Structures are given as C-alpha cells and as structure tokens.
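Each of the next two complexes has chain A plus one other chain: chain B in the first, chain C in the second.
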Partner chain A sequence: MKKQSKDVKNRPTSSGRDSKEYFRPKSKKELKEILKNNDILTIIAGGTDLLVSNYQKLYKIDKWLDLDLIDEFKEVKIFDDKIEIGSMVTHDRLVRLEKIKELFPILHSAALDLGSPQIRSRGTIGGNIVTSSPAGDLLPPLLVYDAEVVIISDQEERKVDLNTFFTGPKKNVLKEGEILEKIVIPLKKDKSRGVWKKVGKRKALVISSISLALNIVFDKDNIIKKAKMAIGSAAPVPLRIKSAEEILIGQSLDSIDYIKVAKAAAKQISPIDDIRGTAEYRISVAKNITKSALKEVTK
Partner chain B sequence: MEIKLTVNNEKRKVNVKPHTRLIDLLREDLGLTGTKEGCGKGECGACTVLMDNKVVTSCLVLAVQADGSEILTIEGLETKDKLHPIQQAFIDTGAVQCGYCIPGMIISSKKLIDQNLNPSDDQIKRALSGNICRCTGYVKIVDAVKQAAHEIKSGVK
Partner chain C sequence: MKKKGRGMATIMFGFGYGEGFPDHSIAEVEITPDNIIKLRTAGADVGQGFLTTMTQIAAEVLKIDPSYIEIVGQDTHQSKNSGSTSATRQTFFSGNAVREASEELMGKLYHYGSLHFNSNHPELTVNNGEIYHCENKEDKITYFELADNIKKRGESLSAEASFFPKTYAPDKKTGQTEKNYVAYTFMTQVIDLKIDTDTGLIEVLNVYTALDVGKAINPINVEGQIEGGTVQGLGMALTEDQVIKDGITLNPDMTNYLVPSIKDIPNFESILIENEDSDGPFGAKGVGEPTLIAASPAVANAVYDAIGVRIKQLPITPEKILKALEESHK
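What follows is the complex of A and B.
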C-alpha cells in the first residue's frame, strides 16, 4: 500500500540550473572573511520574506549568504542593565523565552501574533527588522522598548538606535556589506505596563492593517512617569507617536483625556490606501485602538 | 552542492542547487509527492512538513538549509499497512474533501498532538492557523484532531 520513498531513485537533474555561490559561514569570523572578499551578496536569514519576494526567480540570485549556521547570532544574553538578542533568533524561540515574556510582554505578544506556526519556526527577529516593512510586527514593540541594533561589516561595528534605523518602506540605514548582528534592549528598573494591538483581516497569517504598542511607567501615586507609544502600518516607517507620549506624561489614571491622545496619534500618522485598508479607515482605527490600548493599560 | 538529510527515517544524500527549495527536493528529487505546493508563498500551509520537529512550510526553506536535518512528511506517518491514527481519524470524521490541504493539516496536527493529548478547540485552531482548507471543512478537521488525540491517548495507556 505504501510507496516507500527509498523505492524512488534520486532524480537530481530536475532541480534547475547549475550551482552558483552559496556561503554558509559557521562563525562571525568566517562571515567577516566572506564579506571582505565579496560584494553584492543576497543575505538569507529565515527566508520567509526573501523566498516570497523572489518567488519563481530564486535562480536569478547569484551569491547567497546564509546566516543560519552562525551560532553566535542565535544567542540570547541577559545582563543587569540590558538583554541582547541575536539577529537569528526565531519568533518561535522568542515566544518561548520566559525572560522575554516577563520583561518585554509586548514583544512576546507581537511575536505570538506574527504569521503562522510555520512562519514563526523559520522567521527571525533580525529578518523582521532588516526587511523594514512598516507592518513588521516586532517593530513597534522594539521601538517602545528603546531597542538598539548592532551592525557589523568586515571592518567595523556600529550601534544604531532603532528610532533612526528605518528610512522608508522596506528601507533602512544598512549599507552594502553590513549585517545585523544583534538587538540590544535596555533593562529598566521601573515597572511598566504594556499593550499590543494588531488589527488585520484575520487572526493568523495576516499583514496588519494597523498595529500599536504602548508601554507606560506609573509612579507610586499612579501618575504616568514615562509613556512610549508606536504605531505600525500607518506611515512609511513604524512610528513612535511622541505627541501622544507628551500628553500622557504627568497624567493620573482618571485624568487621561483619551480623545485628545487618540487625536494626537491620528494626526501624527500618514497612512496610505492599500489592499489592507484605506487611509481613512486606518486613521479611524488608529484612534480607536489608541483609546482601547489606554483603557487596557490603565485598568 | 551535496547535502545529507534524514527523510522519514531514511538517510538521503542529494545534490541540490542553491535555489532549490525543500519542497522541490522532496517532490522532484525524492519523489515524495504527498507534500503539496499550494501558494508557494508560505500562506496556505499545504506544503507543511516537520523539520527537526518544527512545523515549516517547505516552500519557504531552501534545501541547503535542511542539510543535516530530520524531515517528516506525510509519507512517513503510516506504519507497514496501517495508517497513522491521525490519518485514520481524518477519514473517519469525513474531514477530507478535495484532500489537497490534508497532508499539511495532518503534519500540523501531529506536531500539536505530540505535545498535547488533550487539545481544546482553540488550541487546535491555533495549531492549524497556518493551514488553509478552501473546501471550508474546518469543523470536521477539528473533530478529526480531537478524535485522533483521544485515540492516541487511549492507545498510550
């Protein structure tokens, strides 16, 4: 009844054109060596974006650089004042890390909402950042947690504040030959409360129509000491909503003017009409999720 | 380039191109056509297989990246002449209509049942959230997973 796979001989000729260059460095050192000797490399992390955008034209890619075997890029290190997450940490692993759930609950929730189980198995935090989609699910949470990214090339290493990393839809400050090594998130003493909201046409496998991350620190009298808010899918880049943050700071729980904050948020975004919603719809939903996020966080 | 991997408990050695996807390796090079290609963009889940015990859409994994890994496809589930309880449950509950999504559905179900022998409806829906059925037979698919989990649990006792 069952056709054993070993009954079928390998048919290796059916897989297309002949080999080009495929680099799989096993360490940062090997990676730097490859970067030094090659220009124009197509970098693959989890592949969940790259293989989609190059569907049916994968054979056109000349030189692959696969980061999958670099163990240093898969490390998660916790220090007293910061946590470092390697760029090749998958969403699935991010979801399972107890420390992330405890210290950065919005990042945990966003990773849990991202794609599908299959996508979370392969997709990486570094890939989500480097793809730089305004709809990247992990980006608003990383922005409100003041994340920085460490970028390396064969020559140097630099640290960039994520707030200045994105320059447009799918554009960022990375230059040819630069690789995102890790994400650094400061650990703050203040206890904060956060909310993650993702609005889309279905729950799984959806590119958000709009998303929001809000993180608030209350002082002992329940006055808002610090407020960070970011919205995704509503501007050319995932955006910190500083106007709303300014209104929130200094307010007490019952004095928050939800409508004023929501209006400020709506004013700062610049959404477009696309397949996932019109600009008008997004502005309206931005106001509503701002209000519901505030209500949730102050409960 | 040559890669070595274990597919359904058999060691295989295959020559692949850098751009060969895991699904092409399975279907074309190894003749394992039980794994289906639907959208080719990771959105439908028809090509789902287990890679090192993780659910992946084999259209979004390069064959090279599967080097050294262990792959389980729908063909690897049955033993001798007996269907796997999950396969049997899908038939018994009438969860199969056109059948195209079922290999992926069953692989995702297996991953869930391996970890949880008492899945709730919500847990099943979440585990299968990356698999689309366009015959709209989800109710019976959820029934099938429950029945399979129940049978495997009774069998284990």
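What follows is the complex of A and C.
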C-alpha cells in the first residue's frame, strides 16, 4: 500500500484526468467495453460521497470510471405504467421535474431536503442508492414507491427490487463490474397521499438522525387500501416497516390505532447510538413521527 | 406539537487584557504629497471590520474623506506593536492609538498651516482636506500640498501615538481590584423559539438585542458583530459538541460537528445604546466576544418557558429535550 505522506513534495500527483486510466465513456456501449477490459474500477458519479470518504487519499485510486458523459444515464422517461430515472440524474434535477413533484411528492420533498444546493447540483439518485447509507435521503421514498433498479455489466442486465438491494450499512448486492443504470418506479392508478419527515440537528446540510416516508392509498369509502412505510437511519439499512403497514390496511380514518402503529414501527427498527442520536432517542422519535405522519396523511 | 417560549439574558463583559498587563497599541499616520494618508497599524482584521473602523476614526479626526486613508504596514516588520486581535480590544486600543496619532497630526496641520499663511491658528480653518484663512476662503492649501511644501524643508506631516492605559493587577488573595478591565460592555437579549415535541428539535425564531456599545463607530458593522456573535452562541447553545470517547474525538469534521447553517439563522432586531461612557475612541467599547455570551442562557430560559424544564448542560440537544418531556409526563 502507498503510504500517505504529509510531505507535499513527495505526494503523488498523478490522479484523475492526468491519468491514462481515467475512463470517461460517452455511451453505454463504450462503458461496456471498458468494463470488459478492466477490473477494479472506482466508479464516480457526482462525487459528493466518494470525494469526502477519500479526502487526502485520492491518489490511492488507480483506475477511475467517470459516468458523467453518458447521456443515456441522465434521461427521465415517462411511460403509461412506469417512470424510468437514469442513475446520473442529479437531486437538483429531480427537484425541478414537475412530473416527479406531481407523481412522487415524497421523493421530491426528500430530494429538496438533501444536503445543500451544491450537493444537490452534483449528487445523483444513482449515487445515493449505491452509497447505500442507512441515512440516504432518497431511499425511504424510493422504497415506499416500490422502486426497482436496473443493473448492467459487460455481459448482462438484471433488475433488482430495491427492498432486496441493501444488505448492510453501505453494502448492497452490486458485484464487481456492475453499474446501476436506472431506477424504475411503477405508476399506479390509485390516488395516494404521502408524508416525508427528515429529522436532523439543523435545517440544511445535515445527515438525518431519523427519517420517515409514508404513502397511503384510500378507497372510495376512505378505507386504507394500501399502506407503505419506510424509515431511514434507524437500522443497518433503510427499512420498510411492514408490521405497521399490515396494521393499517383495512382501517378507516377514525379507527386507526396510532399508538399501536407507532409501537410496531419502534419494534421493527434496530437503531444504534451514534453521533447523530442515541438509540433511545431514535426509538422515541420513530414513535412520535409515525403518529404525526399518520395524522397528517389522514387530515 | 410545537411549543413556543421566550427567554432573556443580560451579560457584562470586561474587555482588553486588563489585570495589570502592559496592554497597548501604537499607530502612525502620515500625510504624503501623493494624495494619500498612510495609516500604519499592525492590528489584524479577521473579518470584524477593524480596517474600516480605523479608517473612519482617522478620517473623522483629520476631517477628510475616508477614501484618502490607506492602511499600510499590516506586518510586524513594518509597523510597531498593536497587540493581538483578541480580548475584544482592537477598537478600544488601536482605535485610541489611531485617534491620538491623528490628533497629533491635526496639531501639526495647524502648526505648518499657520506658518504657511503667516497667521495664528485661531484664524485658520481646517476642513475637508484643506486649510484656509478665515478672511480669505479662496486662498487655500490642501493637506497634500502642505506636505509637499514642508518635505522640501526636510520635514514631514506625520505623527505617532501609543495608547498605553494603566491596568490594575487583581489582589492575589481576593482577586479584586479597582478596575480589572479598561471598560465593560453590557448586553441584553430576548430570544423566541419553538420546540417540536415529536423530535425535541428547537427552532430559534427571533433575537432582540440591546447592546451598550458606548459609541457605534460603524453601526452596520456593530449589527454584524451582534448577528455573527449570536449565531456562534446559538451553535454553542444547541448543536456544537465535541464528542470524545476513550480520548478520541468522534466528530473532528464539519459534517458531524454542527455549526448553524444559513437556514438556521433567526430574525434579528438590534438596538445600539450609545452612552459614550468609556475611554475608548469617541466613547466606543469592544463588541466582539460579548455578543456571543447571552445566547445560551437566553435559549435555556426560553426552553424553560416553553416546556417548564430547566436544562443545565450545553448543548441543549433534541435528546435532552425529549427525555425531559418524557420525564415530565411520567
């Protein structure tokens, strides 16, 4: 391993665009060629996580794969039954897309709460998913909207349900040589109502202490037909709260037992003590914001 | 649910090194023939507006537009000691040194002016960078022309002053003395906030400040000091926390050591009280550090007003609020 040196004179300077091993394909086809001929590539999208986690040790990265010239990965396509969002779509673009605001209001709100204007302008939806932080702001909304991801390699293409994508803190099912191409969210006919809550110690540029996404479909008699709920920053992965969902289905507005739902949510999460909050705090807040979110959505 | 609260705190702050230390500042002012007044001070501007304040003081005493003043020698190789930018002391110490040097130079303007007009000083008027005889206002000479004239005689229009007040060492047994610090700044703040009882998060809404500044040499800069200092104080009150475990700091970065962001900053309304009651330049007092102090007690009082719980350890985190709320409901 190269030793990190504080001596500026001896610090290697060949990194990034200076290097002949900095790949910047312009199409999916070119990308596949590069994947075929190289192993162990460090993939960079917006760089808002990668550059921070590799601060002062970027020179250790031998081979870069920069996705920012692949226009196919920046497309947003709307079909009758689904919407496809390219992995290189930035948070800022998500916020500005009227269709996202209209069809997926929780995703819109979460993108608006993410980081700062600078981070939103660089960071991408694909990066947020691949980083796989339990605190990733877009992840609970994507879970409640039943998102799937399309993963490609030089050989094949596969589709993975986001519910099974995350395997641990900053871990996921992606294998070496696989790239996240796009996110597919089904468009449903039912009208739904959603709530997004991000709890952080300040109003901007903050990693959430806990977050919650709730999306509910009522039938014509105001009975809950479908309920989807997910919580972030309270388990090794962003988590669907299926126990709470089960309690909610079939309930009418005035029959919801808020405390029961809140308790179910608190039981399913497994938070830890860290710098952004104690486990005890997160459990209390999970209960409180579950109750508030339900009250807001049924108002 | 959101609960609102209002809290108040009053502070006093003795500034300068005080306590018997030989605290002082030296400044030089020179009128040059090339239309510049050079003001030499080593005081450091760290964003608080020191250079603006010194320029204003020199321009005020010398009765000339501030645009003629150029600060030089911001370097201890080129200028004499001005002391540190710390202890809320630069406006008071360097401001007085600049004022005294400028007064000394004003005396020289009258002296060489009276020689030029072959007259006595009560018959001269010095204003707006010019000297003229009361009886003939058309016959005038600028400071810079005068500087050029006397330069030919091998003399210069320059002055130096050292502001070096007596400070008093505290009694070794009692810690008391006649006057521990050169002057005292007083401030009262009222803070309004809102607590989210779901999350324990505090949102600061309004900050009302009354600051006894003696004399506001630059009122906008003083308001800036109040706002900047208070926001630092709010960070201390609410989020800033160095977390150490087994000797290791767990949050040695700005991602996890949280200072307020622009979105966390409340509304400000400030009143400047100008009693001109200190020995500072034009009665001014230091306002750097004092503006930080009242935020924490005012926030703690507002929290008590909102939820009826006294929190006695900073920062007042959402965890502490939520725990207090849960305990008070038991």
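As a working rule, the second predicted complex is superposed on the first by the 280 of 299 C-alpha atoms of A that agree within 3 Å, B and C clash if a C-alpha of one lies under 4 Å from a C-alpha of the other, contacts with A are read in each partner's own complex, and residues count from 1 in each chain.
Operating definition for what follows: a residue touches a chain if its C-beta (ideal position, glycine included) is under 8 Å from a C-beta of that chain, and two chains touch if they have at least 3 such contacts.
Quick caveat: nothing in here was measured; it's all calculated off a predicted structure.
Colleague: Tell me the contact category for A:Asn38 with respect to chain B and chain C: first, second, both or neither.
Modeller: It touches nothing on chain B or chain C.
Colleague: By the touch definition at the top of the document, which applies to A:Ile275: first (chain B), second (chain C), both, or neither?
Modeller: In the superposition, A:Ile275 touches chain C alone.
Colleague: In the superposed arrangement, does A:Leu205 touch chain B (first), chain C (second), both or neither?
Modeller: both
Colleague: With the two complexes superposed on chain A, say which partner A:Leu51 touches: chain B (first), chain C (second), both, or neither.
Modeller: first
Colleague: Is A:Ile289 touching anything from chain B or chain C once the two structures are fitted on A? First, second, both or neither.
Modeller: A:Ile289 contacts chain C only, not chain B.
Colleague: After superposition on the shared chain, which partner residues are touched by A:Asn163: those of chain B (first), chain C (second), both, or neither?
Modeller: neither
Colleague: Considering only the touch criterion stated at the top, classify A:Ser243 as touching first (chain B), second (chain C), both, or neither.
Modeller: neither
Colleague: Which parts of chain A are in contact with chain B and also with chain C?
Modeller: 52, 116, 203-205
Colleague: Residue numbers of chain B touching chain A in their complex, please.
Modeller: 1, 7-8, 10, 12-21, 24-25, 28-32, 40-43, 45, 48, 51, 54-57, 59-65, 75-76, 78, 80-81, 108, 111, 126-127, 129-130
Colleague: Can you tell me which positions in chain C touch chain A when the two form their complex?
Modeller: It is residues 197-201, 203, 238-239, 243, 250-251, 255-256, 258, 260-264, 317-319, 322-323, 326 of chain C that touch chain A.
Colleague: Looking at the complex, which residues from chain A come into contact with chain B?
Modeller: 1-3, 5-6, 8-12, 14-22, 24, 44, 47-48, 51-52, 55-56, 58-59, 61, 64, 66, 68, 92, 115-119, 121-122, 203-205
Colleague: Show me the residue ranges of chain A that touch chain C in the complex, using the header's touch definition.
Modeller: Going through chain A, the ones touching chain C are 52, 116, 199, 201-207, 209, 275-278, 280-281, 284-285, 288-289, 291-292.
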